[in-house]
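Quick heads-up: structures coming right below.
Each of the next two complexes has chain A plus one other chain: chain B in the first, chain C in the second.
Then we have the complex of A and B:
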């Protein structure tokens, strides 16, 4: 299936213009578009807190497409089992090797669930084993300071999913750079709301998303 | 010099040392005691009192008596022995020489031996050492006492409300006729009649009804006293004059005048809080169908001073529409005997109330305190209502039992239960059997609760009552010899077992089978599908879709039963395999295909200019309202404070008096200002820097500083 043909990306959205475009990965298996409001929310946060030039809307990029290499950061999420095609697997490996950063978030928030098992397996085949990212890693201080590591989500604290509070994120490294950042904290649910509703929060919970983007753009 | 003469000379030195040590020890005790008492009293708002020195003197005398006891050991043999202990070279020659019984032909020899030894230096060192700690203690006591004088008077301390709080003025600021003014404050009898005596009072905070006696040495001639504008009597008693005033419900100032000298004493009333009452039972409103039986009542009351009585009150309202009749009564009354906390319990007989359908019983607990000065304070709990249902509403009413409140329904996941069981299995060799059994049964109870949740899901899908699992409560302990009610074709099926547990006859069971044949058929099909031990199940061709969908959960359900049974018997090792099977089955159920019904993904385009506040505002600005005019009274207070501050540099005493008056007047209308003025006055009286406190008071008076007890509401502006 030619995903690129189904979802053509306008040239105006490519980062050649100097703007950062937040890209969501589309893959053949699973529900890749399970968190449609996360991109807009993170774009809003980046605009709110930083002076980075950023496109007002996100893009969707097929993992198997060569367009993948035009984006410095790609966000991948879902609930269902992830099974990469050969082309997707090859592209993810090349993307990681060439300086891109793939941010994968388990929308299920269950460590032994379908998404986690399959995604970790596929990522391991594509970019190598994932290991725990130390909570002192520069990504936790790239913009905002998170001295305790990744911020917890309400899903963790309410005991939903696997009843666990995950103390670390996982990562696959290329040198000292994070090539794949994997989270089973379900940020996709935590950040999945319209940016206009951010005013109802006493503390903006998307700040860590800004760190991820700033890290991806500066490393 | 003869040995005896030398010993007597040493004895004199020792006597002087003992006396000096006793005196120094006594002085140190006096100073330390006075320091502790002074600091404590000053922190509680009372300046130094003669009682402090009386107590300190007694302590010093005791120390002196204890230390001077060594005097009795100053005999010649005793001193000689003391010297021998410190100068071993004497080899007991000195003790022998000074002993009258030891004198004889060897005396000259002993004298020659003693003459060769000098002990003055060793004796002197020992005496200096003996004086060391008393000197240090006396110096320490002096330092502590001087530091205690620096403790601020009237520092806020959370204390018993019944105890009066008094701040004092330093004597140097007081006009001469009132320099030795003493106030004696006695709280009302119901509050215990505590008495506080303080010299040079400036302001007195006490319960309403407290008696304040102001007195000073000298003649009453020319001394006048006023409370507000009202003159009060000044009596001459012995060598002193005295006036008595009662603390009223509003702040007042006592003005004492003698010729051109004036002294102000502020009286700040403390109100007696009403009792706080909590109704513990019944916990909720409720509706009963049959008004019979006993209703248990329980309440807890607390008062700041003391409780007089606590009781339950009930009102029965009968009737409907606009025609109602009421009856009321009390029960379970208990006297407080001045205690601050009291719990009462009682039972209300619903039969005796003669309730009819539609009647309502309003219940609450009421407590009265012992205040007999103003009026007894009465506090009441919230009211609970017990209503008797009418026959016409039986089919529509939701009857909710009163206590207890809903139990915690949180569940521990199967994965966590496995981890707990594995940990217990690891500790098994080190645990006593009883401990192992207890902890294992705790896990079994959690497993049962989780299994019940699984069964709720299964039976809900089967179209049955979601809570109709087995009729067994989650916390019920499974008997050790109970048979497993596993849904298994080789054992009794769960429907039959549930009926048997409910005490039904075989005929009723048969009827049940007939009535629930569809459900039983489903369960039997499920049993056939799931009763295969460790084997991973595949779809069977003849299964109904409902069973097919629920099969992993049914398998988990069976495995959980098995695990619970093993855990109930403390067999943690044998419980783990079925627990793991249950987890695997749950995981399979979770991985089943899901259908997500979603609409079109909204295309959100972030308005970057708006987010970055760089765009243009197109909306209309909100209407701006004029500020309300300043309160004239507040403006007057601010002007008076400004004048008093300005006066402070020229006449501090007059400024303090002005501020005392302003503070009393502001106590009701502007309590924040009164508190700030109190802080500033305390600083001014103790000679501390008061500029910052006066600035704060002025800001409050001018309205530029506002404090709020809570966060302001959301303004709607982002």
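Then we have the complex of A and C:
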């Protein structure tokens, strides 16, 4: 089925000049829409901490669509195995080559899970091998400071799943810029709640999401 | 009978050759030279003539031209003519104010003759009908030569440019990101101050006072640079290059130095970023009412989108486009490279780029052969009949010799055919 035809994006939702729109990638395989609350939560955080003009609602963009190139930062997540179509793979490669940044988060928290293995395979085929991103990378200081690298999620800390704390994120680079940022820390679960519930947290756990967006918009 | 006629013709031709060899010069005291000038130059130097006339069939090389000029200034009358029109041509090779070491070659040729552009490594390009051409060469070997049938123009970059970093100021957003990326990918060193929140900037590179000792150009993408406006204006007046993007010059801070006012925003043509004219797909703020000293560099449907002006020792450019990142992301396969090149050219056009001599060395430069010839020797005089006749000596002599030989061979052949000795 043509996912673009299923979810056409009206022109009114395309970003106005200077306005940032948080876009979620829609792909043929797997469950691309497994974290529907993350966009709203990150949009809330960006609006809360920065003065960036940001669209109040996110957009959903098909990876195989030319619309992908209207959103230079795209979030991709899921639980299930990922297999890109040829069109998706080609688009991801062009997207990375032109300066776009794809943020991929494994919505599972496990070792060598189906999403992780297949997504890494597909991304490697599309944009080249992923390697560990140093914890001193500018993305960890783009707005908030994370001197120890990527913040841990509650799922890592409470032993849920594989009882493993992932110490690094992975990335595929274009020059000195991150083209694909890959996380298997399950931020999609960590950030998947209604923004109003942020008030119940002693520390806002979406701050690293703000860093990712600010990094994408500035580097 | 025929053999007698042939012998008579041969004798007449020999007599003519003899007369031409011993006849007096065209005019007393007149020394006419055509073709190879070296022997005549030596002769005139050792024994100056009272009236020197030169018939050229091509622009002489600089050494010959300078020698002729010295003789002309040393006394005696000097005139020059050309046996055919010498093409007016000019070539100049100079370092582009861009970081990738590009040499920009500009060529113009007036009379429609084919021009070949070459360096020491070989031919670079050919213009079958002359005309004007600008080309960017990543590397050149030796001097650049533009050669036609009647001229050879030569140029050699005498200087290199000193390029300092570019400072980019703007709010966080795709335009800031991709402007910085385009310039960095093209080789510019970029310092940036990108506003993320009130009093919170993401910075990159060495930031300091804005002056020509630190930055080659300053790009102001929006109004966030307002607090630095006076510093930026001083920088421009001192020789710096400033690019005002989008609506940066709207209201207050930069109105006084902008080439024009900021017009109402226009939208891009849907889908055009992937077309052959990609910038028609970009929205932006046109440059309305360009000032008297402004030069419009790019227009769309009669509306100025890019204009520039001089500001004391510096330059200010107003670029109406405020979302060029769409061109890079959503354009055709070459859009990323084209976007880089476009931004780099804009910066190069205004950049403060002091020239640095490449060092001593004798370089053979003759960028405008005909103009230099006229400047050295004055304008050409018409080619009079006497000069033509004198100038045609060699050809007539050759023809007479051929005639003599043909007649004598024909007579000999005729005699042999009828058995006579």
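Methods note: the second predicted complex is superposed on the first by the 218 of 219 C-alpha atoms of A that agree within 3 Å, B and C clash if a C-alpha of one lies under 4 Å from a C-alpha of the other, contacts with A are read in each partner's own complex, and residues count from 1 in each chain.
One rule holds for everything that comes next: a contact is a pair of C-beta atoms (placed from the backbone, for glycine too) under 8 Å apart; a residue touches a chain by one contact, two chains touch by 3 or more.
None of the values given here were measured: they were computed from a predicted structure.
Asker: Can A:199 be said to touch chain B (first), chain C (second), both, or neither?
Answerer: first
Asker: Where does A:86 make contact in the superposed view: on chain B (first), on chain C (second), on both, or on neither?
Answerer: neither
Asker: Give one of first, second, both or neither to describe whether A:98 is in contact with chain B, with chain C, with both, or with none.
Answerer: In the superposition, A:98 touches chain C alone.
Asker: In the superposed arrangement, what residues of chain A touch both chain B and chain C?
Answerer: Shared contact residues on chain A: none.
Asker: Where on chain A does chain B make contact in their complex?
Answerer: Within the complex, chain A contacts chain B at residues 31, 33-34, 36-37, 39-40, 43-44, 47-48, 54, 56-57, 79-81, 110, 112-114, 159, 162-163, 194-195, 199.
Asker: In the complex of these two chains, what residues of chain C are touching chain A?
Answerer: Of all residues in chain C, those touching chain A are 171-178, 180-181, 184-185, 192, 194-198, 200, 202, 204, 222, 265, 283, 322-323, 325-326, 328-330, 335-336.
Asker: Note which residues of chain B are touching chain A in the complex, please.
Answerer: Chain B residues touching chain A: 410, 412-413, 415-416, 587, 590-591, 594, 596, 601-608, 611-612, 718.
Asker: Okay, in this complex, where on chain A does chain C touch?
Answerer: 17-18, 20, 49-53, 66, 69-70, 72, 95, 97-100, 142-143, 175, 177, 214, 216-219
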